[in-house]
Structures are given as structure tokens and as C-alpha cells.
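Written below as C-alpha cells is the structure these notes are about.
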Amino acid sequence: MIRPPLPRWLLLPVTAAVVFLGVPLVALLARVPWTRLPALLSAPAALDAFWLSLRTCALTTLVALVLGLPLALLLSRGKGRWAAAGRTLATVPMVLPPVVAGLALLVALGRREPLGGWLAASGVDVAFTTTAVVIAQTFVAMPYLVVSVEGALRSAPDDYAIAAATLGASPTTVLRRVSLPLVAPAIASGAALAFARALGEFGATLTFAGSLQGTTRTLPLEIYLQREVDTDTAIALSVVLITIAALLVAATARFSRGAWSQP
Amino acid sequence: MSRQLCAGLAAALLLTACAPASSGSGNTDLVVFAASSLNPTFATLGKEFEAAHPGVTVRFSFDGSAALVDQLKAGAPADVFASADKANMDKASTAGLIGNSPVQFTTNALTLIVPKGNPAGITGLDASLDNKLLVVCADGVPCGTATKKLAAALGVTLKPVSEETKVTDVRTKVESGQADAGIVYVTDAKASGGKVDTLPIAGADKARNSYLIGRVLASKQASLAAAFVTLITGERGQQVLETAGFGG
Amino acid sequence: MSSLRVRAALAGRDVDLTLDVAEGCVTAIVGPNGAGKTSLLHLVAGLARPTSGSVRIADREVAGATSVPVHQRRVALLTQRPALFPHLDVLANVAFGPRAAGCSAAEAQARALAELDAVGCADLASRRPQDLSGGQAQRVAIARALATDPDVVLLDEPLAGLDIAVATDVRHALAARLRGRTALLVTHELLDVWTIAEQVAVLEGGRVVESGPVADLLARPTSTFLGRLSGTNLFTGTALSDTILQIAPGVNLHGLPDPDQPLAVGMAGLASVQPAAVAVHLSDPGGSPRNHLAAQVTGIEPRGHYVRVNLTVAGQPLAADLTGQAVAELGLRHGLAVHAAIKATQVRLYGR
């Protein structure tokens, strides 16, 4: 069956959209000093920033999974006001401007604040550490995982969990062998999104964790610095970020396509 | 199909061309690119310039010196450029962006600031900084390069926990008490006022930043630009700069 | 295999059930929609908690004062949707229960293969559920449910979504596999009742209105639902003698008494008449039939080779099967007043 065609004038805004999104990226790629690229990217500062970003983002994704999956499970079952409040809480960091997120973390965990002060007195130093980077990244990235997984859990039919229970599976076994595997694609794409968001995290990290090569200066912070020092390096590193982001988004798209079909 | 494509591209280009006009109601604009640390002193002087030249609006773009040079290279319209160090002005000159020789109009020195009350008991660039949270500017930005130079000149090894890209970020971290100490410009310390305690660095003169100002070659307001430079280098300009903590 | 005792109520759904199932007995549960059949299954499975009363399986209380969670009840549930786990292959699906119970992978697989073989699906072991036909999936679901060796098997219209030909095959598989197991089979199909069940219980309005062996109940239904399900007309009334049932003041039915369950004079009784035995006349026909009843046409349903004409007699429904030609000749239509003639030898009377 042939679908009725879309109106021809749609081509106008579509072209504008493609131009709008594509031109900055193309322009950036055009400005890349391709001959100097290997040298620029192998500079110690650049490598440090790259590995620091990968390390912290991987850790962040792990923390997001450990904390976010249970939350998503609970929210997917919840009805009523508490669930709505929980869902709002889980999603708010997504829409906060990063610098606001950084401020919030600062006010919560800063040295001069009650909680932060108590931590410092107990010998737990959060400020200016890689831990602070992971905290900042997790705060902004976890919602992406929670939202992705909760959506999938909500739309999954109850039959499977009920069948599993009647077959003798305890609640933990049902989770482990049925419910979570069934939303594995959503978990994967949520994790990829969380990783990508953590990778691009800038404002919260800058405000809360500081910027020191190898400790807290992630890739975006390095780019921010190089913007003032050597534009070519900034552009080269930007291309690295864009490439990783593009790969992650492509992986996400592939995962969501591979969702289980109903028998 | 291709006709629609052309129409689409044309529409897109038209949209970009329709950028809002910069000029107000027939006023002449004087665009000044100035290093961030020159805000608010230049802003004050800009107002005085407008008063002395009716019909002229002075528009400032305050940013990192290197970023400003990039923008000039990319063809951003500006009439005057004031840089926080010689290195960046040289970059601009080498690129042929600056008219007759740029001139140094002031300097800035570095100083140590601590949160009000000096909770960590810092006494200077000495052992009192050991195991304390020191924040400085990153090497590569004018403030940071000066810090590195100063440390080398004084023979001290600094172990900061954070090297910021903007000197204002150093300031805010000290003001909020997140950091135990920070190295900023004297002008920043003055601007922070009562929020911080200042500990002058002995020998800070060894690493003063030279601020240079020059007329942008592509400027269409050559005489106005020159007049502005004169204001900055003249008595009034120097007075305002000194009050803020420059020079000395 | 275990016996099942339900004496439970769900106040919110207006359900109050009393049911006993003997060990190893398959009981069909029938009734109109909303009668509480699914509630019954949920109570036994543990998907609903009784507001009062209890459920006992093999003399172990699973609901009531103590509540045993679903996964510990050893009750299997089969519904219209096979709900096979799509991320596991058929063998892993069937082995799921034994694995959850703690069997080793090898034991579980062996059990699974045996169960699959018993339903004729051993060759599907490595397939994915998405690749199975409806009938195959349902058979695998049966194997999966039985692999856990449950104490009670619950089935909620398991053949409802299948083509007739496929349903026949699965019905036979079910009949074979459920023999000797304690099971409750909710169904709307008479064929299921005959083929698979030994006992039948009728639910109406949240209560069990009658229950007993299949053959007995279908021969002598006491609930209108069962009467309709078995295709018989059922009248309720009071016995005036052992051959006359008064179904309304001044309206009597003559019939032959049932030797096994005769009428007791003055007591409540039932009369059953096959629709094919009802003749329709436009005026009182007289003649040999003992029963001439004034009736009104309430509906006409063409059914292929014959037409089902629905009548009302003294406030109770009466279905008559006529040929299309007859209906046309008589000019039958909704609201028409007619006479129904039934030979007394075609009416069976029995006590409640």
C-alpha cells in the first residue's frame, strides 16, 4: 500500500533545518588543522583530558545504572502523587542549566555548607577531586537513564512478570531473568545517552570541581581553556568530542531499533 | 525538485542576512574589544567618552584576549583593541589587524587573596600554602602566564588544586570560601572588596602584565578610535585605571 | 496433585465463592462475562487477596490468615496470550520454571525436553517465540507451565485466540496433559467442557450456582447459563404433579419425568426442551401436543441452515429452531404474538 505523499512545501523548512544543524558542524570540520591534528591530539594535556573524560564518564554511567535502575523500576510501578513527585525529581536535572546544577552541588557539598563541612571534617575531601567530577556528571546524566528505562518498563506488558512469578520465580529472579532483560535495549540506549551527556558536561564540573590537568580538567574544560590559548587545539579537541558523541548517538539508535517484538 | 531546493537555500541565506542592525537611531557606534579584566574601568571611561562625543555610542566586547584576537581574525567588526598582555597584541599585529603601533597604557600586578578572615591562616606564597586549596589561573591565559612567570621569578613551586580559565572564576572560588587562597590581579582583589582579604606578594612587580591598546586597521571610525585611545592613555584614563588598582 | 478448597470473597468485586476441587480433577468454570471467573483464578493464583475467607491447596492455607506469595504457591497460570519470554528460546522458556526452582541447567533442560516432547513440540526447542505460530506457542506455554509440576493448573480461555483447526489440536494436547492433574479451566466452549473437564462449575453474579460432573450437569442443567451453553431451553417452576410443572400462574408444562431426578410435588423443578422440538403457530393449533403456550417473538437469528426464533413464554425465554422457509411463510417478526407447541414427550422434567 502506498502512503499519501507529504506536501511539497515541506522541503523548504526541512532544507532550512538541515542547513541550520549542518552548517556549524561542517564549518567546524572545515577549520580543523588536519595536518597538525596528530600532534595536537597527542599533546600531554589533550591526552590527559581525553582519558580523564573517558574514565569519569564510564564511572558516571556505572553509578547512574546502579542508582538509576532501581529508581526507574519503582517509578514505573508508581501511581499517584508520590510517583509524580519522584518522576519530577528524577527529571529536573535534565532541564537545569548546567551552571545552576553546579551551584546546587556547591551549596550542598561545598566546604562551607553543613553537609560538605561535615564531610570535610570526617576526612572526606570532595572539592577539587575527580570524585567531584563524577558527582557533577552523575547529577546531570542519570535522569537520561531513568527516563529511558522507566518509559520502557511502563510500556512493557505485565504478562511476562506474572507468568514468571507463577512459574516459581522470586521477585529478584523475575527482575534478573525477565523484567530487566526485556528492557535491555532501553537500558543500553539510556546508558549511552547518559555517557554522552556526562561527556559533554561542563558548567557543573567547572563550578563544583575546578579545573586541573589530569584530575578534573575533562575534555570540555580543556577545550574551554584552549579556546583562550590555542584555537587550533580547541577545534581539534572539539572534533574528537563530536566524533564520540556521533558514535554514541548512532549506537543509541541501533539499540532502540533492536527492541524485542511481541510473540 | 531542485527549484524548491534553491528556494530553500535562498530563504535560509536571507534569514541569516536579516541579522538585526547594530546601529541605534542614527548614532555612530564605536566598537571596543577589551580584555575581561578591563571591565568595569573601561565601561566607566566609555560613558565619559559618550558624554564628550554626543551621537557616539561606545559598545564593548569584554572577553579573553586570545578569544578577541580570534574574533578579529575572523573579521569581527571592531574599532579598538585592548589586550591584557603583549603576546596577544603581538599576535594581532603580526596578523596585520592593528593600525599604527599599539601603545602600552597600563600594567597589572598579581596578588594573593584569601577568604574574609583568612580561615586557613595563609601568610603568603610560602609554606603556609602546603596542603591548602590554592586556585590560580591556567597557564596560557594572560593571568596564568603571569602567575607562572612570577612563581619562577620568586623561586616558589605552586601546587594549585585548580587552574581556572577565567580569573573571575578564581575570584568566586575564594570569595565563596571554596578555596583557601587564590592568585588574581590586583584589580580583581580591589573589585572583590570586603569579601576577601588581600595579601600583597613581595616581588610581584617581577611579573607585571603589560596592557596594550591599538586602533583596529579595518576600523571605519579612525579618528574616533584614535580619540578613544587618547582618552585611555591620557590623564583622565590613567586616573581611573590607577584607582581600580592598575599600574603602580 | 492436590485438592483445592476455595471459600473466599472479594468484597470490592461482589464475589463470594465456594468451590471444592478433588485431587487430580479438571473442573471447567463457565458463566457469563463478569461472573467472577477470572477473580476465582486470581484468588487461587495469588494475584488477588481475599477480603475474607481462605484458599487452601492440599490442606495448606495459601490465602486468608496466612498469605503465600505467588511464586511460592506452586500454581501455574495459562492465559489466552502464551506470554513466552521473547528473549529466551523455546527450550529456555520451558526450562525457566525448573531453573527458578533450583535445578541445575542440565536437569532443567532434560525436564524441558520431556515436556516439549509430550506436547509434540520437541523439534521447536531452539526456535524463538516470535517464530512460532499461535498453536505452537500455546503448546509450548502448556509445556512450560507443566514443567514446574504445579499443584494446581489454572487456565483462562487458553484456546480463545486460536483458529478452529489449531484449537482442536491444542485441545487434545491439553486433554492429554491435564489428565490426572488438579485444574481449573475457564471457558466459553462447550467442546472444552466435554473434551477436557470432568467436573463443571457455573458462576453467576460472583457466586457458584451449580457444580458437579460434566455429564450430569449438561444433561440436567439448573442454571440458565448452562442451559444456554448446552443449547437447551430451561424453564423453572413448581411441580404440580410428577408430569406437570407450573412455570407461571395458569401456565403449565407437561413432560416426561427424569428417572434419576424426579419431581417432588410442590417443590421447585426444571423443564428442559430442545429448540428443535418447538413448533411455532400463528394461532392455537390444537392437536396432540400437550403444550400450547402463548408466546411473543423477541428475536430472529438466521443461523445458516436454520433460523433461531427467540420467544418469551410467561416471562421466561424459549428458543425455537425453524427453517427459513417456515419463518418466511409465517411472516414472523419481532413483537408478533404466536403460539408455541411442544410435545410432552419432548419435555424432560426434573427436580432441583
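Going in written order, the chains are labelled A, B and C, and every chain counts its residues from 1.
What we mean here is this: a contact is a pair of C-beta atoms (placed from the backbone, for glycine too) under 8 Å apart; a residue touches a chain by one contact, two chains touch by 3 or more.
Source: prediction; values computed, not measured.
Omitting subunit A while holding the rest fixed, one finds the remaining chains separated into the touching groups B | C. Distances between chain centres, each the mean of the C-alpha atoms, put C farthest from subunit B.
Innermost chain of the displayed assembly, by C-alpha centre distance to the whole-protein C-alpha centre, is A. Centre-to-centre spacing of subunit B and subunit C amounts to 88 Å, using the average Cα coordinate of each chain.
The centroid of the Cα atoms in subunit A and the matching centroid in subunit B are 34 Å apart. With centres defined as mean CA coordinates, subunit C is found 55 Å away from subunit A.
Here subunit B touches subunit A in the complex through residues 1, 4-5, 7-9, 11-12, 15, 64-67, 70, 133, 135, 138, 140-141, 160-165, 169, 173, 176-178, going by the rule given at the top. Here subunit A touches subunit B in the complex through residues 8-9, 11-12, 14-16, 19-20, 106, 110-112, 127-128, 206, 210-213, 215-217, 221, 224-231, going by the rule given at the top.
Note for the complex: subunit A touches subunit C at residues 157, 159-160, 162-171, 173-174, 177-178, 181-182, 184, 260-263.
Remark: subunit C residues 45, 47, 70-77, 79, 81-87, 96-97, 100-101, 128-130, 132, 137, 144-145, 148 touch subunit A in the complex.
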